[in-house]
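To start, the structure itself, in structure tokens.
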Amino acid sequence: MVEIMISIPVIFVTIFVGAILTYLIKLIMPKVEAYFALLVSAATSYMAFALPKTESIYKFNLGSFNLMWGNNEYSHLFAMLVAVLGFFVVLYSMDFMAGKVNLGFYYFNLLVSIGSMLGIVYSQDFLSLFIFWEIMTWSSFMLVIYAQDEKFSVGIKYFVFSAIGAYLLLTALVILYTNSGSFLLEDNINNFIYLSSQNQILVIIFLIIGFGVKAAMMPFHVWAPDAYKAAPSSFTALFSGALSKMGIFGIGLVLFKFAIQNTDYFTYFQFALAWLGGITALLSTFYAVFQTDAKKLLAYSSIGQLGYIIVGLAVGTPLSIMSALLLTILHGAFKAMLFMSAGAVYYRTGLLDMNETRGLIRKMPLTFLTALMGIITVAGVPPLGGFVSKWMLYEALIQSNYYFLVIIIFVASTAAFLYLYRFIFSLFLGQEEKEFENVKEVPIKMIIPMLLLAGFTLAVGVVPGFVLEQISKAMGYLGIQTPNWENSVLFSNWENSSVNLMSVATSIGILFVLGAIFLTIKNYRSTRYVTTKDIHTSGEVPTENENLTFAVNFYQPFERSLGSVIKPSIDRIFNLIGKNIESAADYLRYIYTGNGQTYAMYVILFFVVLILFADLMFGFKF
Amino acid sequence: MDSFWMKILGFVITPLVAFAVGVTYGGIVRKITARIQNRVGPPIYQNLLDITKLYSKKTAVNHGVMQHLGPVFAITASVTSLFFVPVLRDSSFWFNLSFDGDLIFLLYMMVFGSLGMALGAGQTGNPNSAIGVSRGLALMVGYEIPFVLSLVALMIQFQTTSIHGLLAVQDTFSSWIIFQSPFATIAGILAFLGMMHYAPFDVPFAPAEVASGPASEFGGKYLALMMTSGSIFTFVKLVLFVNIYFGGAEDLLTLILKTFILYMIPVLTGIVNPRYRTEQAIQFFWKWPTVFGIIAILIVVL
Amino acid sequence: MLYYIGAISLILIGLYAVLVKKNLLKIVIGLAIVDSGLNLLFIAIGYVKNATAPIFSSESLTADKMVDPVPQSLVLTAIVIGLAVTAVALGLVIRLYDHHKTLDINKIRQLKW
Amino acid sequence: MRKAVAILLLGIFGYYFASIFLSLPFGEKREGVGKHYLENTISETGSVNTVTSIVVSYRGFDTLGEVTVLFLASTGLGAILFDVRRKKRNEQNASPIVRTTSTVFYPMIILLGAYVFVHGHLTPGGGFQGGAIIATGVLLMFMAYRKFEANHTLLSVIESLAGLTFVTVGLTGLIYGGSFLVNFLPLGTPNDLVSAGVIPIIYIAVGFKVGAELTVVLDDMLKTIR
Amino acid sequence: MEFSPVHYIAVPLFAAFLIPLVGKVSKELVKLIPGLVLLYLSYGSIMLFPKGMENPIIEIIAGFKPPFGIALYYGATAAFLVTLVTLLGFVIWLYSYKFIIREPIEKYYMLFMLLITGATGIMLTGDIFNLFVFLEITAIASYSLTAFLRDKDSAEAAFKYLLIGSFSSAFFLLTVMILYTYTGTLNLADLASKADMIPANAKGFALLLVIVGMGIEAEIFPLNGWAPDAYSQAPSPIGAVFAGIVVKAAVYAFIRIIFLFFKTPEVLHFIVIIGLITLIIAEMAALRQHQIKRMLAFSSLGQMGLVILALGIGTTESTSAALFQMFNHAVIKAMLFFAAGYLVFHSGSKLIDSVTGLGYDKPITSFFFSLGALAIIGLPPFSGFWSKLNVLISIASEGEILIIVLILAASVVEAVYYLRIIGKLYTRKEIDSNPRRTPISGLLAMGILAIVIIVIGIYPDVLTQWLQPAAENLLNSEEYIQTGLF
């Protein structure tokens, strides 16, 4: 009975109908809709987990096209990410969004975007993939504009870039369709070699850019910081954690199912993409360092991490792909944690400007813990999960002759410490101010997802095996040989290059506990807590109103030393392009002068031009 | 069973030795500095005295849990790093966990402590601490580039990422890496200058500017623990560099000799140089050291 | 042949008025002239030399001595259509004059761009 | 500037236009439907006026459209000039000569118009021509007597009824004759007044309609005159 | 009396003649008559539709066989479009029911009926001069309706429309002359069979005349200067009529004539290019509009450019895609005009800026507008996506990647200006809550269209099965000639 129940159409019906019902329930019985949304997402997540991986294929025809939905190992990996994060985000939203307006709209779009992401990963044909892709785009667009006030260019920017991506995607799909006569992935993969070489390259480039836009690949990342900032934090967690991964999903598919067939150019694609990813990682890290808005900072960080993932995929050795996929999953977890904790701060203080927030650690200890584990994971410091993926990525890069790329990645991840410290320092550390006196820890429904995800990152850091297993299966689907992996030991191809995570964790754990015990017994009880106003300032006692917070221009020296490296902002280039198009449009508008006589003149002019053209070119013989 | 206890013993002894060496070096450095500056200077064991005194002191105040845990992070990181560095070549007693992690792991492990310190310093609410941390992190981005360039050059050249691998290479060729790839070594050593935070790269802790930066709010046992960790960490870095560039050491004496000489490089540089501004320091690393690192890689690749 | 030239000239004159004259009424007149030209042209096309009107009012008339009746009937329709258009155009001109107090087409261009 | 451009464009246009049309043979007999109409008009429609038979019978649908166009013109004008400011007209009537002549000629003109459309299938002329003549008569009255008012209600009823008659004839044809506007009455003898089936009926309706509509149009416009 | 194609013309005409009489009795009845007529026609359409899809129905008028009499040609394409027109016409009537509150209501409905007559006449007639007559009926009704609001701007718009429209009729009449002179016939099928009798240069000249004459009505660039003015100044339901009915009829007639007489590769290429230019320029111009309805007008021009482009490709797929796009554009643009009508009404200003925040005050109308905007951009799961996809596929199978890229670039521009409005609608702003509500008939009209959009978006096969025969009918001039002449 249960086996029959759980199939892909049932999942879709559950979530999409559930979304509509949520909207309707909001109209009838307010306050219930959040619980209903939770129920829907829980059911969906459960079914996504329980869905059999191979036998659940569902074929049908729509608009004279064959379509197919099915689950495979690769899909399953991403589906799990979406399912877990989706559920957590809904759970988190229950308190985070409580009391906001238009909640029906919010939950509707949230559920639709979760459903469409599942749709993307379960699609076994390009058409339904594209349909779900667009549904995802507009539902997320709705959420981006959901909370906006006077400024709405953010949503448009997001949508325009999405549209550019989607349309490139569409162009590629159409070319593929005319080649194979079908939208099924399988047919297209098999018939790809019959495409002319030029079209092959075109298709691959279009597909990669199309997917890459969602993955915020440079130079198409400009939408991301603003859109991430504009969306409610709860959704941003999903946005950055899962939605952007759909781009990665697509790039993986394109690279290892299509591009790899074009043997002549595959290495060039890899090379270009890897460097693009590397530059994405580096530049976005630099941009992140100078942000003052917590969510924008995280957004740039997100872009950077996606850059690592793209690098990992593009380098294409088994180890690098494994690291990329692991980072995909992990990034979903830790970026969700970070956005959720930023959201938690926002929930209590209404602030996201890092020049203004400060000293919340004692008010919100659990949120701080989440944020701390989040930044440790991002930084790639052992013993949390980030290290595993970073380590694999470096090993893979060093071993695959991307010498300079590895430097870039290294620098990027070192520079990441800067913004990570800024993030946690500005929100939680530093002076405790009076204005935050009444701030409390966020409600339990927001804490649970954050802590569970934090636990997950720790688990990956110590025993990554349980994730690597699914990843290696997914790599099997992509047709890539799996590297050596053990439950908690990392291997690379080179001798002696391995890390035993268990002993690392043991060592750190024991020493940490010992140190903590030592200090606590010997010290903590004997000290008394004093406020952060009570500090040494070279012997002077600070007055009440003295500014003791160092927050504005936190990394000014660094900025100065970077000099003009980060000046030519890509943002500005796109703005310039946009402006030029608009002014071109403005000029075109002047064709319509408003004078009816001129229009009449156009008619005669057009006719005369046609006559001359017809006479001189064809002699009136068509 | 025997080896197990030996191992445990190793875990206990190694930090002690590292601490002793580190503290002594610290004392010697203070002495040398004083002499060069035409002062008498404190006795060599002054640092040990300081630490002991601090351990015995009762700490009066704290600003919260993170300040409390900051030194713990630091000591955890330095001791764990120590465990993962082979202190002596061919002597399993000093190897500890060094087969369980490689160079890349170490690079990250070494950051762990700084991160904890920075967090602890952040909670104190002292603006100087935050400034110090900001400078330190920025500086780190500076010297990381040549250092990584150098390491990557070596890793690619010798097809290994583990310290044991590098040691074995130096063993088989019976020549140190400094002779096999001098450019990488130069880049590494220059980065080492920054890593040791001696002048001209002592921006994060500059006593006159930011009142010792991150540490300014720590006293008593916190400071003691931090100093301990610092001493051990100095030793770890020295051993690491000796292992990588100077063929490691077969016995303790050689190790001490080599590390001391290596240590003198930043120390002596520091004594005769004034402090850079932060951006100058960063830009310094992005000029010649980086060029050397790139040359090193190019040599390997070509 | 001359009929053709005359009709075409009428059309061109009408078009010229439409394209150049500023006064709305003149433009409407121009349109009417174009219509007349077209109608004349069509009638001229239907003409057969030495033939009479296509009405069998007496037995002596035969079909092959008559002009083509189709253009005539079509022109009948076309005239009516032209009339209707002119009427509506004049109505609009009245409206426009009411609003703008001018008949200069260059001044009646609120809707642009 | 505009003039120069217009002349240039029209020059080119005229050149090609003329070159196409001047190559048409002038005044020659042509094969085609026209010949068929001429040969069969009496036997098929009973109308001796071939133009009328074409207009009302062969291409009756066009005429329906034509009537519609006129109807549209009056409706459209009614809509466009619906609430235009009614100006007070100059009270002064025309000179006595004009008034007298108009009064005398007015019924004659109406009669002539009626004659023209009743005899549409026999003589040159027809509904449109007749209707136009009637409207001319009304125009004459408008010019002569400033206070002359057309009865709008009556006119619009006439308009509608005439239009309805046309469509009803058409639909009756659809019902009885199998196709829209088909002749369902006997053809009669050619050259008789009562002949040619439905043609006179339609033409009478058209005549009334055109007369009424043109009157309405004139009236609408006149009301706006200063 | 069985339902036959001529009812499409005769019944609304009858109604139009009847309305003034009824108006003497009751004003309410005047409003109801068009609805009843359109309901009857819709019912008839649905009955007749399957027959027309199978075999073309030729209805003879006045009992004379073509080419001597006029015949109506109810083929698959015409069936498809006429059904669309009647159904859409009904919805537009529903919307007008409460929207048109300005006198003379009686004349409005008369003109509306005549407009429907003219549009269906264009689609149905099989005679070129009759086509001209119906074009004129449509045009004059349009002029009058454009000026219906009788304000400064609408009169101006109507005059421009009339001016350019006169050119259209003059050019088309010239075409008729040339064709008649050489072939001696006026029936389209007969003309097509005798097209060889026309000398090449006359035929070429006729082609140019058709392109210009019909191009004006089909709104191709640069002949569409009148269109934005007329669309934006006419009452909103009439904007919907223009976008959904009038231009469809014009494009149908245009492409029918082209396919019958001038279907050569050069001409088709030219049509593709002209469609593309129209698309791009219109979308670019729409980007910078400040008035919501004017923007919709430009968007409409762009959409028609796309349709013309797809028709110019000239394959069965592309033609069916074009018909699909026509359908979608009619439905979606009608909905957008409906919603925009009430948005303008509620905000009291035609400017885009003034809708800011209305999404919260008038949620349902705003929702419909947003839905329409998303649909016309071509986002799944709305109907607009499928037609765009089909168009693109049909172009791609001709290997014209560049055209695809340009179309999609234009679509991006389109997305920008539509989303700008959505963004403004849902931007929070303190506005005085407006007690006026969108009346239920308006919402019902939009709701019907929304349901159509979503249903076809989710299950396009409802419609696509009819597209194939319609497209084949449009392309197959041989069949047209044979069936048209018996």
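Going by the order they are written in, the chains are A, B, C, D and E; count residues from 1 in each one.
As a convention for this text, a residue touches a chain if its C-beta (ideal position, glycine included) is under 8 Å from a C-beta of that chain, and two chains touch if they have at least 3 such contacts.
None of the values given here were measured: they were computed from a predicted structure.
The fewest steps needed to get from chain B to chain E, moving only between touching chains, is 2. Fewest steps needed to get from chain C to chain E, stepping only to touching chains, is 1. Centroid analysis (C-alpha atoms only) places D farthest from chain B. More C-beta pairs touch across one of A-B and C-D than the other; that pair is A-B. Chain centroids computed from C-alpha atoms place A closest to the centre of all protein C-alpha atoms shown. Each chain gets one centre point, the mean of its Cα atoms, and the points for chain A and chain C are 68 Å apart. With centres defined as mean CA coordinates, chain D is found 106 Å away from chain B.
Averaged C-alpha coordinates give centres for chain A and chain E that are 43 Å from one another. The distance from the centre of chain A to the centre of chain D, with each centre set as the mean of the Cα atoms, comes to 73 Å. Taken residue by residue, chain A touches two or more other chains at 589, 592-594, 596-597, 600-601, 604-605, 607, 611, whereas all remaining positions touch fewer.
In chain D, the positions touching at least two other chains are 2, 6, 9-10, 13, 16, 24, 30, 32-35, 37, 59, 62, 65-66, 69, 72-73, 76-77, 80, 84. Residues of chain E found to touch two or more other chains are 129, 133, 136, 140, 143-144, 147, 150, 155-156, 158-160, 163, 180-181, 186, 201, 205, 228-229, 288-289. Inter-chain contacts, as defined above, occur between A-B, A-C, A-D, A-E, C-D, C-E, D-E.
Of all residues in chain E, only 1, 4, 6, 10, 13-14, 16-21, 24, 59-64, 67-70, 103-104, 107-108, 110-111, 114, 117, 121, 125, 127, 129-130, 133-134, 136-137, 140-141, 143-145, 147-148, 150, 155, 158, 178, 180-181, 183-186, 199, 201-202, 205 touch chain D in the complex they form.
On the side of chain A, the complex with chain C involves touching residues 589-590, 592-597, 600-601, 604.
On the side of chain D, the complex with chain E involves touching residues 16, 20, 23-24, 30-37, 44, 57-62, 64-66, 68-69, 71-73, 75-80, 82-84, 153, 156-157, 159-161, 163-164, 167-168, 170-171, 173-175, 177-183. Taken in their complex, chain B has these residues touching chain A: 58-66, 68-69, 71-73, 75-76, 79-80, 83-84, 97, 99-102, 104-105, 108-109, 111-112, 115, 118-119, 122-128, 130-131, 133-135, 137-138, 140-142, 144-145, 148-149, 152, 155-156, 159-162, 164-165, 211, 216-217, 220-222, 225, 277-280, 282-283, 286, 293-294, 297, 300-301.
On chain A, the positions that touch chain E within their shared complex are 61-64, 101-102, 127, 130-131, 134-135, 137-138, 141, 145-146, 148-150, 152-153, 155-156, 159-160, 163-164, 167-168, 170-171, 174-175, 177-178, 199, 202, 581-582, 584-586, 588-589, 591-594, 596-600, 602-607, 610-611, 614, 618-622.
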